[in-house]
Structure formats: C-alpha cells, structure tokens
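Below, each structure is written out as structure tokens.
What follows is chain A paired twice: with chain B in the first complex and chain C in the second.
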Partner chain A sequence: MNGLQISYFEASARKRLSELVDAGSLVEFCPPEMRQTSPHLAMLDAPLAFDDGVVTGRASLSGHKVLIAAQEGRFNGGAVGEVHGAKIRGLLDRALSERPAAVLLLIDSGGVRLHEANAGLIAISEIMRAVLRVQAAGIPVFALVGGSCGAFGGMGIVTRLCTEVVMSEQGRLGLSGPEVIETVKGVEEFDSRDRALVWRITGGKLRRALGEATLLVDDLIPAFRTAAAKLIERYRAHPPVPADLDELLGAQAELTERSVRFAAARDGREIWQADFAEASRVPEMTVAEFNALLGEAA
Partner chain B sequence: MNAPDISEKRWDTLARSRAARLARAGHLATGCIVSADDIVQLLEAVIEPGDRVCIEGNNQKQADFLARSLVKTDPSRLRDLHLVQSVLALPEHIDLIERGQVSRIDFSFSGPQAARLARLVESRKIAIGAIHTYLELFARYFVDLTPRVALIAAQAADREGNLYTGPNTEDTPAIVEATTFKGGIVIAQVNEIVDKLPRVDIPADWVDFVVKAPTPHYIEPLFTRDPAQITEIQVLMGMIAIKGLYAEYGIKRLNHGIGFDTAAIELLLPTYAADLGLKGKICTHWALNPHPTLIPAIEAGFVESVHSFGSEVGMERYTAARPDVFFTGADGSMRSNRAFCQAAGHYACDLFIGSTLQIDLHGNSSTATKGRIAGFGGAPNMGADARGRRHASPAWLRAGREGRGDIAMPRGQKLVVQIVETFREHMEPAFVERLDAWELAATANMELPPVMIYGEDLTHIITEEGIANLLLCRTPQEREQAIRGVAGYTPVGMARDLRMVENLRDRGIIRRPEDMGIRKSDATRDLLAARSVKDLVYASGGLYDPPRQFRNW
Partner chain C sequence: MEQFSLTLPSDALPQNIASATLCGVVSSGNLEILVEPAAASDACRIVVNTSAHGFRDIWEAVLKDFARRHSVGGLSLSINDAGATPAVVSLRLDQAFETCRGELA
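Take a look at the complex of A and B:
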C-alpha cells in the first residue's frame, strides 16, 4: 500500500516475526496452543500469556535457515521468567544440533521478571552460557533491538554477548534502566522522564557510536530484515571464531580507556562532541546521514 | 414646540476623554515608547473606573506582561472594569476579578481557568455578560462592547509604534480596529523594539503606547498532536471519515477541529486517501491553524491553500518555506487573522469536523462539565450551518438535498460532523441522555446551557461503529435511533431499537465500516504517514522545529 511503512518499534512480537522471515516459513516451537504458561504468575493470580511472552521457532530468511526468538514487550515488559527463559535457552541448544545459518534474538525486555526472580535469574545465566556455546560452535547469534522495552538488565548482557547487535534509533540498550537508576540514585543522577536525555544515553545512535551496536537501521521491519540478511551472508562466508586471549585483553584495555575518557560525561552530547564534527546535529540526523558520518556505505 | 437645543449637545466626548487620558500619561512616554518600569503608572493614568478593557489573548498568544501589570494597579483607582476579551486563560485575569477590580466579563473561552471562574460565578463575585464565540465577540466590539482600552501583544515595534505581529497576528487587527477608531487607547507589549520591522501589521497611528516586555509573550503550542499517541480506533474513524464522508461528498474546503481524531485524518491523507485516488479531489483548501500533522499531506501535494487563525509554535520556518500554501507577507513570514479565518470557516468551508465530550439524543453536543465554565472559542462558528451562504458547491448542494428533500426551495447545507469514540477517557460515555451543560447552566445562572454544536446543525456522527447520517432522518424517532445506532456499548447505545437500527442501516442512514468496504483489521498505525513527532520533522525536510515538550531526541 502507498506509503505503508511497518514500524518495528510499534509492532507486536508476532508481527515482527511474520514480516521479518520469508512468508509462511515460520514453524513455531512450543506454540500458544500448548499453553505453556508461567506457574509462578498463576500462583500470584497474575495475567498469563499462552506463549509466556516469547515466540520461538524455525524459519527461513532470504532462503537461509534460522532459529529465531521474539520477545513480546507488551507482556510484562518482555521480562524473562522460567518458561520464557527456557524457551530461549532451548532454542539456542537446538541450534547446536540443527546448525542454522544464524540464531536471531528479537530482544524487547526490561530483564528478569520480578514475580519469579530466582527462576528468571537462573534462566538468564543459562541463556548467556548458551549464546556463547552456539557461537563457539561457529553459528552466529544476532540481537535485534528496536522494541519499546529496549534491552535492559540480564537481556542487556545477553545482547552484548551476541555476535552482532542491530539497533534502531528507538531501540535502547543498557544494564539498569533509567527508572531503576532514578529510583536508586535520585532524579539528579538520571531524570527518567526526560525522554530526550534517556534516548541520548541509551538509544541506538549512542550505542552505535560506541560500537556496542554494530548496525543502526531505520525503525522499519524491512530495514531489520535487510540488515539480518546481510549479516547472514557475511557470516556464511566467515563464520564466527571465539576470541583468543589477546583479543579479550585488547577489548578490556579499550573499555578501560573509554571509561576513563568519558568518566565525567553526563549526556550523549558530550560523547558526540568528542567524536563528531556536527555534534549538535546528531540527534536530528536521519539514520542514513548518521551512518554516512560513520563512514558506512548506504 | 421648542426646537431642540443642539448648541449644548457635544459630539466629541470620546475624543476629549481620550485626550485627557493621553495628557495624564504624556510624561511617562518618550514618543510612544514607555519603559516597563512605568507600565503600572501608565495603566493607572489611562484606564478609568467602569472602562471596558480588552486584554488581548486567546488560546495561543497572550498579552501576559500587561495582564500581570494590571494586577499591580491600585484597586481603589482601577475598579468596576468590564473585561471584553477572547479568553480568560491567565491566572492574572482571574486575579483581577478576585481583587475586586472587575465587575463584569464578556468572553469566549476560559480553558485553564474554567474551574476558578465557576467558583467566582457561584459565589456571585462576578457577573458574566455572555459567553460568546470568537466571531460573535469580535462582532460586538463593533456594536455594543467596544473597548475603551486595549492591551495587546506584538512580536516587535519600531520607534514610531508600527507593530509586527508576525505569524501570530491572531486577534490583534480586530481588537485594534474597534478600539482605535472609536476613541479608545491601544497599548502594545512587544518582545523587541527595532529600527526596521520585517513588515507592518498594525500601523503606528493606531497605537498609542508601546512597551518592551521583560520576557517574550507566551505562546501555547496548542495544535501540536504527537502522532505516537494516535490509537488504532482513531485510525479506523479516520478511514471512515475519508472514505465514508470526504470521498462521498467530495469535500474540498474544510476545517478540522483540534484533537487526535482529526490529526489521524490528516496523517491518513498521503497514505489511505492517496490509495483511494482522492488526491486533488478532497481536502485541497483549508481554514486551519498550521497543524504539524498536516505536513505530510502538504508535502504529498494534497493541499493547495491553508488560511490560519493563529500560528503554531515551531511551524514558523515551515510555513515561511511554503508560501504557495500558507498566507505569507512580503517578509516571508506567515500572517494569521482569527476574525477573517473564523469568517472563512463559517462561510467558505463545506465541512467542519471535530470532537466533543458529550452528545445527547438530539445531537446537541457540549464540552461543558459541572464546576467548569470553559466557554466556546471558535468551534461553533465552524460547526454551524451558514444561513447567509449563497454560493453553491457540489458537497453543499448534496447535503442540502439530503436534509431538505426535493420539495423545498433548493438550498445547500454545511456538513457538520462530530467524530467521537463511544467511550472517552476514564470510560466516560460520549453519548448521554442529558448533557451536563444543563446542570452547569443551573448552578452558574446561565440563560442558555452551553451547547457547542446544536443538534439542528449536526449532520453526521462518526464513531468506531460507523457513520450516522442525520440529514436523511425524517422523524425525531429516526434521528434518535440513528444516534443510538452508532453509540456502541454506552447505555445510550445499548438502549437502541434493534429493528429500527437495522432498518436505518438498510436505508444507508447508518453505515458500518464493512458497508463502506473498510476492513477493521486494516486500521493499523502503519497507515499513518508519520508515527512520531520526529517523523514530522523529517517530512518537513527539517523545517519544523517542535517545542521541547514534544521532543525525545
């Protein structure tokens, strides 16, 4: 349809999946009709979701086989509980035997589900180990971050463990979310209602500039699809190899240097000023302009 | 019989009063320029007890410094004032009443001060002459409510006192015209005094005093709607409006009320309406403020002309860069004019569409709620059939035929449409048996219940359930059932006569989305030409500069 542009940010997990993979190719694991719901939420008499807030399955993307999971941010903020976590971990384990071209994690989560905190924490640690194991087996894992909940808490860590991180400007990535920081450290530390500040610090542009996201794309499902397809091609040619000790030490040294260099920075703007000629214009730039500034081909 | 003694009769009392006031104030001014420090003295010198005073301001621009200064005057000297002004929007307007300096008010709209005003009326601290529509109040400035002193706001003045009002000209010409040509006194607050103005909006010899305000006058970004907050229900209603009404009647000249429902329609023009092949066939000429949500339609070439009541914060560069569409001066900036635009909306538009809070079974609608005297603003001027209209258009003629049948004298009718979700915020039903306006009228001793749009002017209601075409109803019973038939699960909707409603549907008086070929599942936010304020900035090519509260970057 004329001008019909499907926003990734606003779409549900199922909509994202159906538009991302080749039409009709998705075979869902543990689909809603199996009703594998959270026993913890049931005990608390809290609302349940028949997929426990995450869709997992096998599909093809540009003809390549992928295993894929999509978190539903509208159910408990995409938070990871026992069943939800087990579905993602199971998907990653399956990758070891099925050997897809890639595993795609469509992350939209505030972290661990507080109603089932212990089970959720264990699930997150299992997912982290599984992500590393899959990559060690030569299969890339891509995180796609562009939903309204972003990737925070344990899922923020999982995101950073992935081989590649694709973000939109609307996507956010961090450890503690702005509201949590404000609650613990006070509004002077982080005003979570200052939306512009929140995005300048946690949003896709800063994460891309710092190298924590590896690709920045427009907030459109086809843009995520194109990026994922490109990455699959790239890793078919060059499968991921586990980092050796020197690489890890080098990365550690870079992070140390960065933490010193920007120790006093209070706002994404100060980081733009260090690295960008037109720092004040960065927030206004389109994704294409921003990527061109980073020296990427359109 | 003795001849009347005309030698004693004086015909220049207004001029002599004016001269006396100017003489009292002369020492405070250098030329026409008065220092901000002397403004309270100036007001005490030129205003007399019992004066009709207009403090310019409407829902956008405000002469806020002059209002604050008036509150600092001596209440024993400036008293019994009669405020005649568009809005009572600032706390200072109400402070003046509480200080006992004002005994009577005639106004249009009180928005943010509606609750305070209601309390003052109930405690009989103030007499309301009448609550008007904008155009009606401007009209009375030239008949029986002419201001003696007008306190106005402009962007800039030169040293002679010429004024530049820029994009936010709004009410200024109407107020100044009435005041200055009837022996009154005009005092202007300006943001800056410059050697050369970009253009002259008000000539110097209509202005008596100019004061540079310590802070620029406040302007509210009232017409900015964040596309991110438009719901899929609003998208559905927008599709119904476009396909079921605009396309059906061929609506080219129109006015949109304020709100998310109409913002959704604006954002569907370059997508949904374009897909229906409606570009150039609908929505080409507007009486409308420069709504940011109209940017994508303008950029898509949908819109030929827009005349505006006022401006909108952040739209200045965009309107200046689109002079083929907006009315702009030789300096390049937009010129608005509320009086002319209200007249344009009343006489030259074929359709008005807007939202409301309550609709009753006769189709009367009101935004009044108990404990708040909010007034009307300009909506009733748009949302009323123009009985004085004599030029025809296809849309107007068709509405006239539908409403009057074939036997009457051929005559058209304006399409007046209410677009509402059946339940509004906090699950309050939009359809009611009896308007709260009745209760408000009783507690506030009003002669009329404050009805925004009268049922006799209303031609269509759009809800998520479909369209009710009230023009085609032939009896009061049919009209009532047509309203109930789109009122959803509200108590009014539940009390519908199912058979009668089905009969109305068969006759096309009620049309459901499926009757118009609209699939509800197609109504997604993905149809919106912009889904965020930032999308609007991109659509404008970076020309739109949204105010801070609408930015998340």
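Take a look at the complex of A and C:
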C-alpha cells in the first residue's frame, strides 16, 4: 500500500476484506464468477449483484487460518436475502469441519432483505443458530461493525450472539433502526435526521460504554486488523466456553437492572454520565482517550 | 431490467488476466463489472443488465468508446447496473480494465 490511512467506513466490502487479511491469502467461496444471484430479486426485476452482496472465504490473519464474511452495505443496505444468508450460514457450518482459529463476520447490514420476506427471515435465523453452534464447538466468532449501514435488525441480534464485538465510533448497533422507530413511534420518539443524536444512541462509543461492543477501535482497516489479531491470540489460549445457566441468569439480572437504572434516559449523554466525569465531551474524545477513561489499555 | 449483449471488435489484450475480477458495487447510480477471459481474442463480449430502460444507444456509444481506447480483445465483461450515468460507466470500465491487468489493488 501507499501508506494512506484507509477508512473502514468508506471502503467497500471487498476492500475491507483484502486489507484485513494477510495479502493474497483470501480464497473466496461462491465467488462472483459463479453468479449465485438472488432468484427473488430477479423475479421482482430488481438489479442483481454477482455475489449477492456478501463476500465469503478462507484466509489467514497474522498467520492464523480464519473463515471470513464481509457484507456489502451499499448493495440493498447489506440486507440478508436467501442466497446472501446461505453463504454466511454455509461459512459458519464449514467452520465446524475446518476448525479455523476464528470466524470473522464483517457486518454492514440493515437486517432482513424485505424483498425476500420469509426466505430472508429464515436465513437470519439459520445464521443465529450457526453462530451458536460454532461457539459451542470452541471456535470464537468475532463481529466487526464499522460500515455505513451498521448492524441492525436480525444482523444486530447476530452481532450480539458473537463471542466479541469490535466497533468503530462510526459503526452503529441496534435492533430497530432510527428511521423505523421514527416511522412507527413518531419524530418525538426518535428524530432519525438528527445524526448526532443517532450516533450518540446507536454508535460505537455508547455501545462500548454499555459493554455491547467489547472493543472500540479507530475507523481504520489496520485498527480492525490489529484488534482481530489480538482477539485470535487471546482465544487460541482460551477457547470460548458456552455460558451456563447461572451466567445467563446473571446477565439477565444485569440487563434488568440496567433497564431500570436508565429508564428515563433519552440520550447517550445521560448514560455516559455514569462512566465519565465530562459526559458532554465524550463525542469529541479520540478513541484512545475514550478507552483510557474506560480503564482499558489501548 | 433491460438486458442486451454486444460483441465489439478490439485489438487483442497482449497479456493473460485473472480468471475473474470484480469492480464496483450495485448501488443507486453505480454498477459492477465482472471481467473474465473470453475465447475470441479479437473481440470484447459485453453483457449489460440495467435497471434503466431505453438507454441502449448511449450504452453502445460508451462501450464502443471503451473498446476503441483500450486493447480489450479476449475479454468478457458482465455488467450489473443500477442507473449509473455514462461518465460513471466509463470510469468504472477503465477501472475494471486496469484491475484485471493487476494494476490496482
């Protein structure tokens, strides 16, 4: 490369993938020349993509074998259709026999592709079950969230099912997206055009402060790469263990306590006040400063 | 969608290319181009699938200009288009040509 810093947010799925893994190591599954396109979009006479909006394959990252999927947020908002979903689910199933050091999901998606209705919903539910199966087999699954579509709807749930969630401040994570909430509940509930508000509520910094993202990194592909490499090393030493019932009940109790504690909160700022002396400064903090104040080594 | 294909005479590309190269993303006002080797070395075969109906004349003008400017004989181009303007198509074609020859990452 020419030394330019490459924004993860701005890059295409293929660019993110090629810069994230070891140079030249990617072997793509169901590559574009196989033309595994969406039969649903074809029936609707809508534009197709040769990879149906997701790149899947095997690669190495810092010398470790990984299986990896990258969603293209610019094709139909990264939404999961039948083929798109089958490629991700197939990748996860493959992890059970190939046993990579980790599965990396570069999520950039609004959720189910509405054109494909039930087929898209089923695809997402298959991905969820597969993510759990892979972790139960001792293989970590890392979600990387830093694209323009964030991780919403079913892919928001998939993200939270992963072993670790790496986000940038630009990344967003949620269930219903801001525009959906505004449409259903009105602009008084959530003004989806107030971008600062949208990011204070769904963006990486709040998700990290709440513990829903486990790492916050700069919006640079090498920053995501470094984080992924560190996680791979950590989980090689300590493979993921499925949570037992007591742990799940404990997590449920924490969530219940949180929902009571922040019941009146209308903005990320009110939640940051719990962690930061100067809550109003949080949006302008660098990632390093933010992580340091959270008590986390950069 | 409107689909058509054309075969344009062009000088043979004097080098081998990767078995497939994909450029661009199918999003509003944009397009993707898949470049693959074709059997005939003296022509470029192009399949266009576009959401914008009724612009075949303009497509042909842009594609003929591309085939005249570069030696693209022996290439097969498959295009998925979501309403890109002629200038965007032309730039994307040039990018695809450079990428398939390994000039860009």
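Convention: the second predicted complex is superposed on the first by the 295 of 298 C-alpha atoms of A that agree within 3 Å, B and C clash if a C-alpha of one lies under 4 Å from a C-alpha of the other, contacts with A are read in each partner's own complex, and residues count from 1 in each chain.
The working rule: a contact is a pair of C-beta atoms (placed from the backbone, for glycine too) under 8 Å apart; a residue touches a chain by one contact, two chains touch by 3 or more.
All values derive from a computational prediction rather than experimental measurement.
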Exercise. Does the superposition put A:P31 against chain B (first), chain C (second), both, or neither?
Worked result: second
For this session: Could you look at A:A196 and tell me whether it touches chain B, chain C, both or neither (first, second, both, neither)?
Result: first
Problem set entry | Partner chain in contact with A:S148 - chain B first, chain C second, else both or neither | neither
Exercise. Between chain B (first) and chain C (second), which does A:S18 come into contact with in this model arrangement: first, second, both, or neither?
Worked result: second
Exercise. Which chain A residues are contacted by chain C in one complex and by chain B in the other?
Worked result: 1
Exercise. Once bound in the complex, which stretches of chain C touch chain A?
Worked result: 1, 19-20, 22, 25-27, 30, 32, 34, 36, 49, 51, 78, 80-82, 105
Exercise. Which residues of chain B touch chain A in the complex?
Worked result: 270-271, 274-275, 525-527, 529, 531, 537-538, 542, 551-553
For this session: Would you tell me which residues of chain A are touching chain B in their complex?
Result: 1-7, 10, 169, 195-196, 198-200, 203, 283-284, 286
For this session: Show which residues of chain A lie in contact with chain C when the two form their complex.
Result: 1, 12-14, 18, 31-33, 45-51, 72, 74-75
